[in-house]
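Across the two complexes that follow, chain A remains constant while its partner is chain B and subsequently chain C.
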Partner chain A sequence: MTVTPLGIPRRLLEFTLDGQEVRVPEGSTVLDACRAAGKDVPTLCQGDTLRPKNACRVCVVEVEGSRTLVPACSRTAEPGMVVRTDTERARHSRKVVLELLASSVDLSTTPRVAGWIKEYEAKPDRFGPEAARLGEEPRVDNDLYVRDYDKCILCYKCVDACGDQWQNTFAISVAGRGFDARIAVEQDAPLTDSACVYCGNCVEVCPTGALSFKSEFDMRAAGTWDETKQTETTTVCAYCGVGCNLTLHVQDNEIVKVTSPHDNPVTHGNLCIKGRFGYQHVQNRD
Partner chain B sequence: MDLHFGDSKPTDDERAAVDALLGPPESSWEGADRSDADLRWARGGREARDRRDLLLPGLHALNDRIGWISEGGLDYLCRRLTVPPAEAYGVATFYAMFSLRPRPATVLHVCTDLACTAAGAADLCAGVEARLGPGVCVQRGPCLGLCERAPAALAVRAGDPVRTAVSAPATVREAVLAATAPDSAPEEPPAATAAPQAGDPELVLLGRVGVVDPSSLDDYRAHGGYTALRRAFELGPAGVIREVTDSGLVGRGGAAFPTGRKWQATASQPDHPHYLVCNADESEPGTFKDRVLLEGDPYALVEAMTIAAYATGAHRGYVYLRGEYPRALRRLEHAIARARARGFLGDDVLGQGYAFDIEIRRGAGAYICGEETALFNSIEGYRGEPRSKPPFPVEKGLFGKPTVENNVETLVNVLPILTMGAPAYAAIGTAKSTGPKLFCVCGSVERPGVYELPFGATLGEVLELAGVRPGLRAVLLGGAAGGFVRPDELDIPLTFEGTREAGTTLGSGVVMAFDGTVPLPRLLLRIAEFFRDESCGQCVPCRVGTVRQEEALHRIVERTGAAAADDIALLREVGRALRDASICGLGQTAWNAVESAIDRLGAYE
Partner chain C sequence: MRKRQPKTYTRLTHPLVRDSRDEPFRRASWEEALDRAARGLQGNRGVFGMFSCARATNEMNYVAQKFARVVMGTNNVDSCNRTCHAPSVAGLSAAFGSGGGTSSYEEIEHTDVIVMWGSNARFAHPIFFQHVLKGIRNGARMYAVDPRRTSTAEWAESWLGLNVGTDIPMAHAIGREIIHAGLANEAFIERATTGFEEYRALVEPWTLSLAEKVTGVPARAIRELAHAYARAERAQLCWTLGITEHHNGTDNVRALINLSLLTGQVGRYGAGLQPLRGQNNVQGGGDMGAIPNRLPGFQDILDADTRLKFESAWDTVIEPHYGLNLTEMFEAMEEGSLRAVYCVGENPAQSEADSEQAVRRLRQLDFLLVQDIFLTKTAELADVVLPATAGWAETEGTTTNSERRVQRVRRAVTPPGEAREDVDIICELAARLGHDWKYADSEAVWNELRSVSPDHYGMTYERLEEHQGIQWPCPSTEELEPTYLHGRLWEKDPARRGMPAPFGIVRHDPPVDLTDEEYPIRLTTGRRLDSYNTGVQSGGYASPLRRGEYVELSPEDAEHYGVVVGEEVRVSSRRGAVTAPVWVDPALRPGLAFMTMHFPDEVDTNQLTIEANCPIAGTAEFKASAIRIEKLPVATIVR
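After this line comes the complex of A and B, so read on.
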């Protein structure tokens, strides 16, 4: 029997979005409303399984009566609100945010960002060749996943997934301040000296590829990573009785990484070390 | 939560420092030797985690005793408080006054901010670095809040107890003496020397500074102390809020929000407990008025906080005091202890059946913690990063509960409102900016200090009072987050509406006068450095934008006209995004001063 969770019925509220009256369930964010209306508001730090952090500011919109722009991802829709998503002012901030990020962080593996840079006519090069970059080297300190903080936009999603929102392991935090802030374990030690349990739920939510499977990292380095040649097969983890969903990413008949569907009502994309990384026995051909 | 610790052990000193704050550990789960009972049941859970707010005091305890925070010391503190070491590391690395690497026990903080730079901070730094050996760590830093005695230096020597010495105005010899022998450094001049009007019977806010003995509760009472609280008990909470609302008092920290409305909004929240927080994290470069009030008249803040808490239904108040104010800390600690001993704080304030007490929390070198929600995070033991609003503090503030947060000066204004009555108070100043206002005047003036004037005085009048020196080139209003005005704009009335009309801001009341000693582009670069250093790093516009702003100002520091035009255009674009898209006021104002210098003063023309 399939049970669809219905939840408590929610009232609809009405507000104006780009001149159109829209109706959304109470408690929706402005971003929810934008997406329901088919508007493409860019997002980076927003995660479908995490509370909005509104750190990247690329989703800002104009709300009448608000002195500053407002992050669509975290602002709850209110009746009578007048929201405009595509004004020159909002587009300007999005453009500058994209320029600031692209000029300091390696966005080469961030999905969709190249398209937004083009759409908003962002020119990251205009800060000059001397513009400060993160300048981090990839940290390969264990066999399971790699932390390449040169690609980190500091969205806090890994910290939230590791902490009280999902895993409750609290192995990582933001350390330092300002431009020098980095994700780190205590004393900035190798991962193997930390509280990390290698569930890989941080890898699952990382929006830029700063956190990636060691297998993906090695294949990218070797130039053999090719998503067009990959298939995705969703199955059920065989390790225990919880029944987590696994999506196996397979290239050339090898599992190259494992993700989990975020819409699973039990696990919301989270796995443990066995489901996430314990797939080698499947490929053992001896 | 499954805590994971390394093998590092605390030294006896580190253990003692933490235990002095938290008491001895009760079980091996908290870091004691293991007993039989510990093997049979675990301790921890919510009760242990509820002490998370002691993390910042714990970090101070370690840093004060040892001079830096070692891995073993941090681990021990984490065990005691059930805090994951990664989180504690993230918190400790957030604050400029802490070091996670070994360093000498003595740190000499030398201010290199605007007023001190204009008064020769660069030579001072070079001099002390040449004279001091490896036994002292010289740290260049932002404003120490001693601008009336620029250039300033603050020596902190770790130990039991920690020793501090202020040298201001500092010569190389005196700063070196303060760092090498903090105990024998000369006593700082009394607080009243920072208030040139001290003793004038007309003064409302500064009336007791230099007149009363700041350590004596009896002297405070003999000079009108605690009459306002008695009046408050007569009026009842609703009556107090009505008086404050009718007085027209608005916040003096910079945002100018109506205080009565804030109090009413908190008082009417059904969720309990309510908290009162006094924001004494005065870190805006050029601001030192809270320091003068706290050093010269500390009981006034204790009384004012009691009134604010009574009106809004709070039984616990926190003072978040910036870490660079050792004398203000000592005086306020003493005042709170005396007030508690005499029944002015505690379970039954003045026998009225109302319970209220105050706790001081020290900041540790982070301008951002003056932002109201960052301050809550800092007290709660998290990184001092601003929260997104809504929800606003009146609804969900400290510990997620309804909270009133007011600046020191705002709170102290409540005393005259109650003693003279709202109509008389509102008659001071202008219709839209009522009451007296404190101005921190420094820079190119003969008598720098805190001046009290009724709202409505012009910039020229304030500068004249302080004895502005000839050759005035520019005035910075409101500090680094404020804006520059020209020497021919001295008729700007220093009111909220007057400065707004003139396209500038009053901010926290900073009036910093500059002659031509330091070229304007250098000052702008220092302001940009300040924001780059103090950005918490949470949101992209501020984290990267403040870096790009500094880089552009670096490029044009020696350029003018067409050679600077491209970078000025770039600055405008980045500045606009900073203002529009940053989470909090730090990023939103990080471009204000630079913009005003370009547009009003014609910098780079």
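After this line comes the complex of A and C, so read on.
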């Protein structure tokens, strides 16, 4: 018997996206359709390995017949839908969302956000310096990763990755309510006193750099972090026999960060402590 | 808490040689080191053993076994698969003719019952366990069979905490219950298996109440597992070293396989047997022929046509008998019938059971050549040490994982100093010994392997890249096979069904190292989440979870001996004694202790373990030693 895996057969459905007819497999989200059509809809809390959380609202689009704007990341495409991504209302909403986030959170290490702020003419400064929320020092309580909650947009991706969607360790959660809501381990203790198993799967999904590998954090602090000088090479982990794919980020012949391809059938972007951090032995060179 | 960091090793950057074992090493050029290595091996053709590396690439393992067979004229080639999953390979190939796990990770997400037997995958195989957790979230019921209530067991429907070494009574009792409850899959047994009547007679004495007495697990729990497994539409049976690291490891594996044959839980999507392999390429090493009884592609040496194929491909004569496995090679060192060893990337001086004995035997060799990325304890015993590259980050090639998926490894960093790739080094040695092999790159090695191994033929580097790895068998360059093995057993046509799978007629045999008044505690060994094997590799990073080596005791035993967490105690077995601090773990039952082998430079756990070997696969009984705990005269508390 020979079988070529095709996945579950899915019908294509048709709807209108910015005036053009598009066809996508049923079950796709509006965001999937936008990306397939080459449209740049900004996203922050959306994760390709996680279920949509609808937390950040930067991906909103206008759907004909819908009273409110809808988040493209979670809305499933339906036949006959008429979707517009670039209306005045959608653009204005994204602008305000970006202003609110950028005024209260340090987005300096969030990929692409500077471009969006420019594109949507967002002016985060108009709320004044008082809008900054936390003003905390980064928490460096272990040798593997750092938590800098000044950069946290409360997107919940780390909570979901640590929780029932992947890691099932439940070390981190949201503490507090409303304006006091924040990400924390139990009792807001140091990481070393928590249930954390240092898989780094939260760092893998963090969109803003609020969670970062200590290696990256230290190099940024020293001014030596330079992604233009880095290569990314995907190989296989050197520990147990599960065969997780690792992407080694290398700068000046040093491994500075380890990630995993999100579409990999073995890992789906997840690793354990050994795969994520256990590389140092190859570069103990003298 | 005291931070105990293991010894950190720095990379070898140039060859080391010495004229006699009493001298210190001195730095040498590659020319000199390779000449010396070639001289050392030259006179020892036929009394030679090759320790290949389960951590290196398939390409390296292919060339290493070819070196042993063609250059040194011997089938004495093996790797650390012997200390872990050789019984799984032996058991699976005896039943199905093929030594790989029968299922894929993805299938466990879509199964109904999962049995994790002797496996703490949550710690030892965390990303595999994520697939298990998906399965549990999708409604599968998981059962954990393990002497310890591990973090894997915390996710189970039911934990069956059996006594160490009573896996066969447990499996037989499950089998008997399935037969008596009328839940055996008679059509499957009739068509696809042999030896059922014998099996029925074999398990008949193992009533639930007898099993309860022997295993310590309530009859009710055994019955529940039997019914769940047999009634499931699809069930997965997974195991790790809790099954294999026994003096009768292969029998244990056969006993588990029997349950799948009895119920037809094999050869279908979602139904299968999954041994979880412990090294990144321990599956691939065996597939590449770096084992004493198989040629590349898992082809039997005893088969004359197979030998002929390889003899013409390699222009050589292949010894028509099995070589010595790792365990037998160590015995042959003792007898003096093995005089030279080429050890690539292995650390048997610390990983073998009864490590003192292993070191003594290595010292008796005429010539020991070690090729590694570190100066390990084994390398310290060598005549010549050659610096190699790290397979996973400094070379191009492939490795094969637990679900038989061949995946590309790639060079991401430049190796330090003069370190060279394993394949290059072996070819240099082969050239000095009269065999001029030319491989332009790793792909050339791989393509040679593809030409002799039908199971790998369809896997070009290009396709491996395109599909993010391909599972064997893959005989065609156009198509892919199903994700599971042995679908043939369900064919209606007997010709297509092929060889039926025999039930394994295996009997209970308790651990060799019996507990008694003098050594009352059962010691079992395993892995922790953040550390790995002898710690040479995992010691290199600063894990916040690491606390060094402890002897873990149950709360009851700790109280009985009057010892507290952090207190140093003397741990003795019939073979040796070590001093280790105490940790108290409520997951242990009274009479059971746990240690790892991650920190051999501070606590050499393998001085305690017994070298009682599985006669079929040669794996030692790491999982069952009898020990005694003694308070030290002056309490030393380490915190």
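Some notes on this structure:
Rule of thumb we're sticking to: the second predicted complex is superposed on the first by the 279 of 286 C-alpha atoms of A that agree within 3 Å, B and C clash if a C-alpha of one lies under 4 Å from a C-alpha of the other, contacts with A are read in each partner's own complex, and residues count from 1 in each chain.
The definition used in the following text is that a residue touches a chain if its C-beta (ideal position, glycine included) is under 8 Å from a C-beta of that chain, and two chains touch if they have at least 3 such contacts.
All figures in this text were calculated on a predicted structure; none of them were measured in a lab.
Aligning the two structures on chain A places chain B and chain C side by side, free of any clash. Of the two partner chains placed by superposition, only chain C is touched by A:Val250; chain B is not.
When both complexes are overlaid on chain A, the residue A:Val97 reaches chain B alone and has no touch with chain C. By the touch criterion defined above, A:Ala171 lies against chain B but remains apart from chain C after alignment on the C-alpha atoms of chain A.
Seen from the CA centre of chain A, the centres of chain B and chain C span an angle of about 110°, rounded to a multiple of 10. Legend: residue contacts after superposition of the two complexes on their common chain; A:Ser74 is shown touching chain B, with no touch to chain C. Looking at the shared chain after the overlay, A:Leu154 reaches chain B, while chain C stays out of its contact range.
Superposition on chain A places chain B within reach of chain C only down to 5 Å, the least C-alpha distance between them.
On chain A, the surface patch touched by chain B in one complex and by chain C in the other comprises residues 168. Taken together, the chain C residues at the contact with chain A in this complex read 8-11, 13, 55, 105-106, 124-128, 130, 133, 137, 155, 276-283, 373-374, 390-394, 399-403, 405, 407-414, 416-417, 468-469, 476, 479-483, 487, 529-530, 532, 536-545. Chain B makes touch with chain A in their complex at residues 1-4, 6, 71, 74, 84-91, 93-94, 96, 100, 366, 383, 388, 390, 532-541, 543-548, 551-552, 555, 570, 573-574, 576-577, 579-583, 588.
Residues of chain A that touch chain C in their complex: 1-5, 142-144, 164, 166-168, 191-192, 196-199, 231, 233-245, 248, 250, 253-255, 261, 263-268, 270-275, 277-286. Note for the complex: chain A touches chain B at residues 54-58, 60, 68-69, 71, 74, 76, 89, 92-93, 96-97, 100-101, 103-104, 126-128, 130-132, 153-154, 156, 163, 168-181, 184-189, 193-195.
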